[in-house]
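Next come two complexes, and both contain subunit A; in the first it sits with subunit B, in the second with subunit C.
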Partner chain A sequence: MNEGASTVTTQPDVSKVPAPRSAEPTAKGNTGSGSRRARRRGLGVLFWCSAAWLGLVVLGAIVAPLLPIADPAAQDYRSVAVAPGSPGHLLGTDGLGRDLLARAVFGARISLIITLGAVTIGLVVGGTLGMLAGYFRGTAERVIVAATDAMMAVPALVLLLALMATLGSSVQNLIVGLGLLGVPAFVRLTRANTLVYTKREFIVAARSLGASNWRILAREIVPNILPAVAAYAFLVVGILIIAEGSLSFLGVGVPPPASSWGMMIAEGRDSLRQAPWVSFIPSAFMFLTVLSFNLIGDRFREESDVRETTI
Partner chain B sequence: MRSRLTKLATALITLFIVSIAVYSLQELLPGDPAVAILGEQATPETIAAVRADLALDDPFLVRYANWLGDALRFDLGRSYRTGAPVVEEIVNRLPITLELLILAQLVALALAIPLGTFAAYRARSRFDRLSTGAAFGLVSVPEFVLGVLLMYYLALGLGLFPPTGWVPFTESPVENLSHALLPALTMALPVMAVYQRLLRSDMTATLQEDFITMAQSKGLSTPYILFRHALRPSSFSLLTLAGMNTGRLIGGSVIVEVLFAAPGIGQLMVQSIVQRDFIMLQGTVIFVAAAYILINSLVDLAYGFIDPRVRYQGA
Partner chain C sequence: MTTTAHTGGRRTAQTDVDPILVIDDWKTWFSTDSGAVRAVDGVSLRLQPGRTLGLVGESGSGKTVLARSILGLLPTRNRLNPGGSIFFDGVSIGNLSKRKMRDYWGKDLAMVFQNPMTSLNPVVTVGRQLTEVLKLHLGMSRSAARDRSVELLRSVGIPEPARRIHDYPHQLSGGMRQRVTIAIALAANPRLLLADEPTTALDVTVQAQILDLLDSQQEQRRMTMILVTHDLGVVAGRTDQIAVMYGGKIVESAPTRELFHNTRMPYTQALMLSVPNLTSPSHSRLFTIPGRPPVLTNPGPGCRFSPRCPYAQERCLVEEPPLVAADRPDHEYACWYPVGTPQGAEALERNFSNGVTASGTSMSSMSKLEA
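Presenting the complex of A and B:
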């Protein structure tokens, strides 16, 4: 074991690691001076705006049942499809007279439970597999890499649709399905990072001091790759919120009595001409939340860029 | 040559793994697959018929081998809802999805190339920073949100496009295009933002090269330098990304086809889920996965033809 790990001579093919889907939009070219400038200026106004919005959404989602808002399923027959700003309904109501603010807040609850559960599964399973693959190499690595490649070879939404249609969509199945979707991305990221760190001097030093493989993994590797993985987790949450919304939009998400943003947008589609806000309100919630996760993840990613710390 | 063979082998192995995974979805159906496929009202006779038809009493590997053999001869079975052969249904709907994919890819590139080039030429200018922000916003918008917005403003508001529906190309090319443009634009915009950022960063690097200074000192015009000298060496990763993004576009086309009522493969997939038409769903999923793997391998090969450095390294 030790011998195999210490005679790693093959070049870690970090170049082959494709930019994870979520990382593509960020301009690779200007990370250098851009992040240096950002470091001088702190995290930036946008970062704090995003954090504030997420704080609000998370808090609202947690205490939703205690908030002085309407019952999300209750139908107010006297005010059907009223516009935002109406008395008693701050953000208006939908075609069935249900309060949109209440539905959006309870929708946030469902979305966050599902996506945070899923990202935890992806991070723990994918992170562990990726780390083991990058550290021990050999056959295990080849199997893990082949499996992740195969998973990434199917368009994610198509895979999810098939899974949910087969298993039936419940909150648990959505968490597992979306979590499974996050696994390959985390495998690639942690494997690439582990490959880089396994060659560093402090790992050799730890090993020559007689540290076991498990100790090195837990005490040396994990703390070093954690910042990059955590930053990436934010970006993945953004992707998963969109994926969960897509499923709900297509009618394969959480079953109806519950409300979810994607479902609300789909429900408002038919009355788009008369009552556009029914779709627009949940759209705005979803957009701001995804944007916030992306902005925060991107800022963290700049702060924890491996390429910068190794040079 | 050798690397090309390895790539081909990898693609085939991937396809094999994916086909096993998709086929074993049948095993995940809760309860008796025959009942799940037929619905609760099925009579014992029809259940027995389906069990015999799908050879459910055979071991998994035998069934898989038979299914794979049929699939390789373009036979993905028949729908138990409509009785139509799955492949026929896919072939009927394929042109619509293909048109949307190609149109979206073209729109994305047509917007991204000038915008990315200009942002690189005027790096760190106001336009550059504005387009960075816009790109960040665009990738955070889900397709169904973007589609609803575009439908509301461009179709219902300005009346530029019909909001939903589809007209076949053979019936009226003009009508066809006006129905296809809005869905294609919805798919294209988030992808365009990604392309624009990538081209911008690659192009900024290219513009630092000596041959650009050389071209400038020869007195060539700026547009000529940008599009004839700088664009080609800057567009390699853009093309790879365009290939990789086909997956996102396929996902986008599912949503867009449902939203804009375009009868493509994505709509077929969602329809078969709603109607609990499992065989049809399985067929479309394996078809889409196979097509996607094929496209990616082709892009991989094409890469070598465009970039001579890759070609010589591979040899």
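Presenting the complex of A and C:
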């Protein structure tokens, strides 16, 4: 009965969001080419569709235990590998008879915790190092830049596999590992931005009023580089979701019985011929989520660029 | 009150009070690939409290570098330290570290920058940029700082200050922005304000307003001020004393009125002739100084202005004139053939009859000097 209720509440949202997305580009192209002004004023339908989907996923992930959906670990032997749309299993079940909707929602939880945690680490650590490098220059900068370049030269997946193999795979280790992966990119971005703003006259003006280095960093530079960094963080979330998926697919991701999207895709690979939806459903979740993060990130980036030019 | 700037007649009363700013043979050199650039090369100045000094010179004369040297705002990298000293209120601040200078910044020394478009943080509201200074220096609480900000904005002539404090800099016009930067600079009641070309980036129509504002604020606060500019018209009515810089050196220094009435240095005279005159017929060609400012890496032996000077003689090319007070104690100039003296007139006449100066500059564009 619970499942029936869930069908009613969630189905319209899930199916409604992707549909307008495919029709979007033409509509936006028409209005967008018409006038730049109109485009600048609003964020665009595409943005709001992405935001709605992300909102849904995040909300679903937060309140997952309260949702009227099946237990993601419960196996229903009477309906093994049933196709989406079956009664009681809106998105079908996998080879063990587990409800795919429930697993996708709980998978979102793990995937989001890991990627958001990792991005936070990347942003805080990378952002701080980048700002210090760009502001103080000198030896500190040389060391930080060299370390960053070295990290970027190591293949990401190999680094992660090595980390997981030595540390063992757990949610915490995944967060730290993926977070480390995001650090170099944030270092480069914040350093480049800090270099630009440190040369600006309002920094000299602030100094001439007696502001200390830390005050200048916190009050003058951070507010200026934040839009660009935040926009980039959205793009990085997209990349990390894929990275986490790849790790799980390779078997060094989240330990079972917890589910993540990458793990669900991996579980379906043996039955791709007979039950393609087992892999396809989590893939679709991942695809839409990553796409949404990218679209929103791009939009924010454009916004922060526009603001920069009009000032 | 303290100063009657428009007359400029009040003599620099050297015996009255101790000068607040004393600069002795100050040099700021930068090391570059092509040698040391002598941006400021032996400048000496003294400034009494409550007075306004005009620091005048064209681009590259070293006036901005000198102003920033006083504040200690120059990058330490690539900087040579060939000597000289700057005393503020009796304390040597010329070579203090940035950490030590922070005790002076804002409270004692403050600066208004040339371009209000770039000297305000674009993503922070005007109010927060003001309260920041108040909280830092005066230890004010949030609400007290807010009230004081509104008051400060009102005092610099910003309408509806209580609403403007929520604005971002890009929402204000250039003139309003410069008023804001002045309010910020004045927030902690500095004793010496340096205004580095405060009106250069502004519309002509608001330039006078900003200068009047600086003038009135200076009088109310009994503040000392250095007005850096390339425009003699700007400093004419608003300073007590003017120092003209050329090639990193002061070439003439005198009380304002004296400088305008008894100009001695040909460079000062050329600057004055370059100011457009309302009474001259329209479409008349403006006077320009031939040539370019000197390269500051390897100054030759002679006077640095000699290649462009209509008075230049052989002696100017080989021997550098010292800065001396020849006629009266408060009027110093560095010239062998000063304007308005028999030697100068003779030199000019000789150059006109030769058609060229001793350095080979044609006299054809100098006809304005003959009158």
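Before moving on, here are some points about what is shown:
The working rule: the second predicted complex is superposed on the first by the 265 of 311 C-alpha atoms of A that agree within 3 Å, B and C clash if a C-alpha of one lies under 4 Å from a C-alpha of the other, contacts with A are read in each partner's own complex, and residues count from 1 in each chain.
The rule we apply is simple: a residue touches a chain if its C-beta (ideal position, glycine included) is under 8 Å from a C-beta of that chain, and two chains touch if they have at least 3 such contacts.
This structure is a prediction, so every number in the text was calculated from the model and none was measured.
Applying the stated clash criterion after superposition on subunit A shows that subunit B and subunit C can sit side by side. When the two structures are aligned on the shared chain, A:Ala233 is found in touch with neither subunit B nor subunit C.
After overlaying the two complexes on the shared chain, residue contacts for A:Val105 are found with neither subunit B nor subunit C. In the overlay built on the shared chain, the residue A:Leu189 is in contact with neither subunit B nor subunit C. Residue contacts after overlaying the shared chain place A:Phe202 against subunit C, while subunit B stays out of touching range.
Of all C-alpha pairs spanning subunit B and subunit C in the superposed arrangement, the closest lie 18 Å apart. Overlaid on A, the two complexes show subunit B and subunit C touching no common residue of subunit A.
Residues 10, 13-15, 17-18, 21-22, 25, 28-30, 132, 135-137, 139-145, 148-149, 151-152, 156, 193-194, 197-198, 200-202, 204-205, 241, 244, 247-248, 250-251, 254-255, 258-259, 269-270, 273-274, 278, 281-282, 285, 288-289, 292-293, 296 of subunit B are the ones touching subunit A in the complex. Residue ranges on subunit A touching subunit B, taken from their complex, read 18, 21, 24-30, 146-147, 149-150, 153-159, 161-168, 238, 242, 245-246, 249-252, 262, 265-266, 268-269, 272-273, 276, 279-280, 283, 286-287, 290-291, 294-295, 298.
Residues 71, 73, 98, 102-107, 109-111, 113, 115, 118-124, 132-133, 136-137, 169-170, 181, 184-185, 187-188 of subunit C touch subunit A in their complex. Those residues of subunit A that touch subunit C in the complex are listed here as 200-202, 204-212, 215, 219-220, 223-224, 227, 310-311.
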